[in-house]
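Heads up, there are several structures right after this.
Next, two complexes with subunit A in common: one pairs it with subunit B, the other with subunit C.
On to the complex of A and B.
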């Protein structure tokens, strides 16, 4: 058992190391240097070419002219100390930028993913319960339709209807500009209002998918011998549904939840652009547009590490939920 | 054309008139019968900001604009910084020296009450009532500090200025020029919209003794003091909040107490903001006709000449496009009217003549010679003429494609910036026209950094590029004609050869040889208007024949106001001619809250 935890933990470190190395390499494969855009901007502002060179030299944030191996060692050593460097375009430590942005993204993704599962499990269970009914057929159709509609299309339509046409919800941002930035009712209400559209558009399609998954799992469990035996024992439908069916049908979805949490962090790049929501995805695009290596690497890393950590937690906790894992019957939690 | 006189008393009178009518007009529109009519009336004393609680007739409301420069928490208001200066916020906090009115084509003084030009001396007089929001006077010391820091950071002004000193009093600044300089050049430099009176001495003085990098990396985010119509109150990740500056010299003209600038990342968000009523004003925003048609009646468009637009640039070191006849053939093939129609029928106009002068100024500057300039068929593809030029240059057409002597197709990669939607359409049109004629171009759409990078590094053959530097200065041909040869924006990456060039003579007989760069540079030191006009014609003719950059279409800037809750200057009001109306009109009393 200890061996299982040790292997899992070691795998996390190896994965993070590989991700960090890969991020470092991939970012540098991008065309153009980190100062190409800044150079063009300064020239367009009428700053003489010599002066532009001097200004860029004055930006000591990173030294892109050093040999690649030197940059790599510097980067990994700094990373080991929790230092992601300084953003070239924003002139701020990347950690500070991420610290400002991450809570908004985590909030939207977490709430949305929880909703996806709560709604998915509830609807999927009902569908399985009434398998073949008109409700089942209708919900299956709606779920498939929602799944086939990309979330950004839902986002744009929702934005158009509820923000621009009806004016019920704000069009952009994380919180109203006029609200004081302190934890209080006005702040929370404003933050909630600003997050409704991103959360809803990020939830709808995925919830449909989870409902279908839950339906399938439940129907499969319903056909198992132990459910038949439970019925023969004369147990109540409620007990069978909650203790026997739901628990076993939800089990495979548990790891999916944690994995999805990590995956969906990456999807916020588009979502946050649509809603001008200043989270991690927003800054990732900013960094990409500006060829801002440190910020790009920082945001990439946070998103991928979140996924790795999600898998790790799933691994560690799955054995608690499914005794077959701790008994060594299976090595994989997902 | 710009006002040629050196004495601006006439403009000052006009400004005083504007101030007077603006104040009373706004008051009348807003029904402010209790407003003191004399504020800033004669301009000699102006407003004194004595009405402590925001002034009579000030409406407790917020004008909502937008900034697309970045998230305000990452931005600051140090205009000298290399990065992250939010000029939209800065424009409201800091008064400008002067402004160029695109409608009247005259300069209007703002923070200055006078400027005079005498040989190598330029005397700038600051308004008596120009103060910081602390109530302290803006002094010659502040401006001298700013100019000295501008020298440190290599600002364009110092191309002409040798030294700066205080004049007779602490409201007078004297610029000593290295050579007698054409006053228009100094005026355009000082009236540049980005140049603001911002160097609050207690903050900026310390940078005088430091390296340039110190001020370039300084983020002015705390203890911000300005002298413009609004003062800094706060910023968040969602926007800037600015308050009415009671100490502003024309504070009486501003009848609302808050100006908010919300962060909006892209054009769509800005357009939707206007559509949904979330935004009251947007300083500059390209909006296609379909969206304009959907705007509600409250949204007003102000069109102003951008003196900028879609053109094409050649790599003059390229074996093919370095040849004048090839460039001329391309000019003949492209139907400029079609490019304008496809990329923006409401906002784009074809350049009447291919040269380095904005469309609206061409006839004024070229006068009777306008008709003799080659038109290259602004609304047609002159394919026969183009074919003849290419044959003369040694190319042949085989299987529908023009080829050089070695059988290589004439064309290559045509660079265009990704994401500039109207430019993408223009590029598609141009490349389609050229390929239909027999060129073999393929479009290479690049992200902005790489796009400029390709030009800077001369790693291109031909591509889309703006053919005018833009802004008010483009109205004085010295700037755009010189710019087309040097293109400082790409560090001269188009490799246009300096020195003498021989082109057909203007009168049609024989040839003329001239050094266009040297000739246009002479305008900078000339104070003889007739000589300037003659030189401009000669260099414009050279550009028409030799085509350093291909002029295709010019656009108008679209600025947006709303009038549901705001009293806005009427369509005929020349005050709308200063960029940007949402920045300029409030302090003129021409954009005020309805009661």
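On to the complex of A and C.
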């Protein structure tokens, strides 16, 4: 079993390494090479060519005149030391920008994903218990309509109603400018107020989908023999509901959680843009529009690392939650 | 109905020539038709979700046809008075934008490229997933480990950011290419779940029989393994299509994807940046593309849910039980429980 943990941990590093290499390759593929635009601009301003090259090297830790393999090694070494280069549009180190932005993204994604699961599991199991009732039909209908609304549509509608028309909640930003940026009650209240709309709009549709999944799983579990036996044994409904049904119905959803996390982390690119919520996704688009490749690749890399670590944690805990889980590899080759 | 009749006559004519193998072939064809096409279709149609989903998708196909045949005017600026609201002028039923473009035309002329894109993306995702999932699950061992490590790697890259970077790099305008790029990593999760299903399927007696008979691996996978997966694949095809639509409209909305043709996301983007959020008189400009997106995704979800029920053995026996008495006992017990 120790072997499994070692292999799993090694895979995290391999994945991050490969993705970093991918970003290196992609920078080269980008229209007109990494810094052609900037280079032309600086040369036009009369900056000598040597200095231009030095400046660009500073930005991305790459010297354009070196052979490709040398560039690659320089790039990877710099990454390893936590140096992501310097943002062209903001004039700050990329790491500093990301350090400011990442907590907001993690906060929104984490809170909304937990809400999705709590709401989905709760509503779904109620539906399963009352299968076919008015409540079940109504909630299924609501869930399906919520699922057919992309979150950005919900976000735009919510922004329109609650921020612009009613003025109850702020329209943009993570905290209001008047609040001091230190941990205190006014800061927390302001942060919470700014995050309500992003979190709610990111939760609704996904919660509907999870409720439907939970409903299906629970109905399947309810039909199992061991539930019948538990009933015959005269166990309390509560015990059956929590120990026998809920546990088995939730397990399949846990693996889905991994996929969901990836989609949701990526989805912040759109979400944060709508609310001008300055998280990772917001900066990624900003960088994209400004042709700021170091910042763009940096945010991409950090979002990926966040996802890899999230999946890693979920994987390690999964075998603890479900003792029946095997290594999951088929050794017999055909 | 028509295809079967011709089929029967042609086979009858052949059986007159004396070979008895053709008779069994005819029966086989008929059986396959009954089991694979007719029964599922009947069950599918009996579920209101499938019916409704197909109806909605049909409407969108019709819209696409209208656009392709040019039955509705092309969208262009100042073709109508500015800011007409819903149904104010029946020539422009959905109203017009700030620049006096007919919204109905925008919506209709966006449809063909979106339909092509979601089909391409869904086909790509499911085909790759089926290939990877079945080969990994069936072969096992080193092949399995290699393929699964690869799909884990792909799964570890967040989808939308990767799509954005690829879109900037490759600048795709062709809807087929765009659909493929949007779903470039979608197959990984699906492939993984297909593989775990193949792990149980490959233990079946008939698979073992085929293997001992020395039938080649690709043939076993195609003949014995994939038919068992079809239900799951069909349902996921629909969901993959839905994902392409959500993602593409979202990215067009952000203004990240290059566009040469109209798209609901582009309309949404113009409405959003054109200030439709601030005034009620322009609200229809936002609502029209939103309704178009919602409608199509509702259709896809309903179809997916309906198909899911068709392929669910419990529901299937419950529905087909009266007409067909040869339901497997295994399925019967499941029906009994609930």
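Everything below uses one rule, namely that the second predicted complex is superposed on the first by the 283 of 334 C-alpha atoms of A that agree within 3 Å, B and C clash if a C-alpha of one lies under 4 Å from a C-alpha of the other, contacts with A are read in each partner's own complex, and residues count from 1 in each chain.
Just so we're on the same page, a residue touches a chain if its C-beta (ideal position, glycine included) is under 8 Å from a C-beta of that chain, and two chains touch if they have at least 3 such contacts.
Everything numeric here is computed off the predicted structure, so don't read it as measured data.
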**Message:** On the A-aligned overlay, A:320 touches which partner chain: subunit B = first, subunit C = second, or both, or neither?
**Reply:** neither
**Message:** In the overlaid three-chain picture, which partner chain does A:150 touch, first (subunit B) or second (subunit C), both, or neither?
**Reply:** second
**Asked** When the two structures are overlaid on chain A, which partner does A:300 contact: first (subunit B), second (subunit C), both, or neither?
**Response** second
**Asked** Does subunit B (first) or subunit C (second) touch A:134, or do both, or does neither?
**Response** neither
**Prompt:** Which holds for A:238: it touches subunit B only (first), subunit C only (second), both, or neither?
**Reply:** neither
**Request:** Pick one for A:18: touches subunit B only (first), subunit C only (second), both, or neither.
**Result:** second
**Item:** Residues of subunit A that lie at the interface with subunit B and also at the interface with subunit C
**Value:** 31, 159-160, 164, 273, 289
**subunit A contact footprint on subunit C (complex, rising order)** = 137-145, 148-149, 152-153, 155-162, 164-166, 168-169, 171, 189, 196, 199, 202, 211, 217, 246, 249-251, 253-256, 268, 272, 277-278, 283, 286, 290, 293-294, 297-298, 301-302, 305, 314, 334, 337-338
**Request:** Using the touch definition up top, name the residues of subunit B that touch subunit A in the complex.
**Result:** 70-71, 73-74, 82-84, 153-154, 156, 194, 211-213, 216-217, 219, 236-239, 241, 260, 262-266, 269, 272-273, 275-278, 447-453, 456, 488-492
**Request:** Would you mind writing out the residues of subunit A in touch with subunit B in their complex?
**Result:** 31-33, 36-40, 42-52, 54-55, 58-59, 89-92, 97, 100, 159-160, 163-165, 167, 171-178, 181, 273, 276, 278, 282, 286, 289-291
**Item:** Interfacial residue positions of subunit A with respect to subunit C in the complex
**Value:** 11, 14-15, 18-19, 22, 26, 29-31, 144-145, 147-150, 152-153, 156-157, 159-160, 164, 219, 222-223, 225, 228, 258-259, 262-263, 265-267, 269-270, 273, 281, 284-285, 288-289, 296-297, 299-300, 303-304, 307-308, 311, 328-334
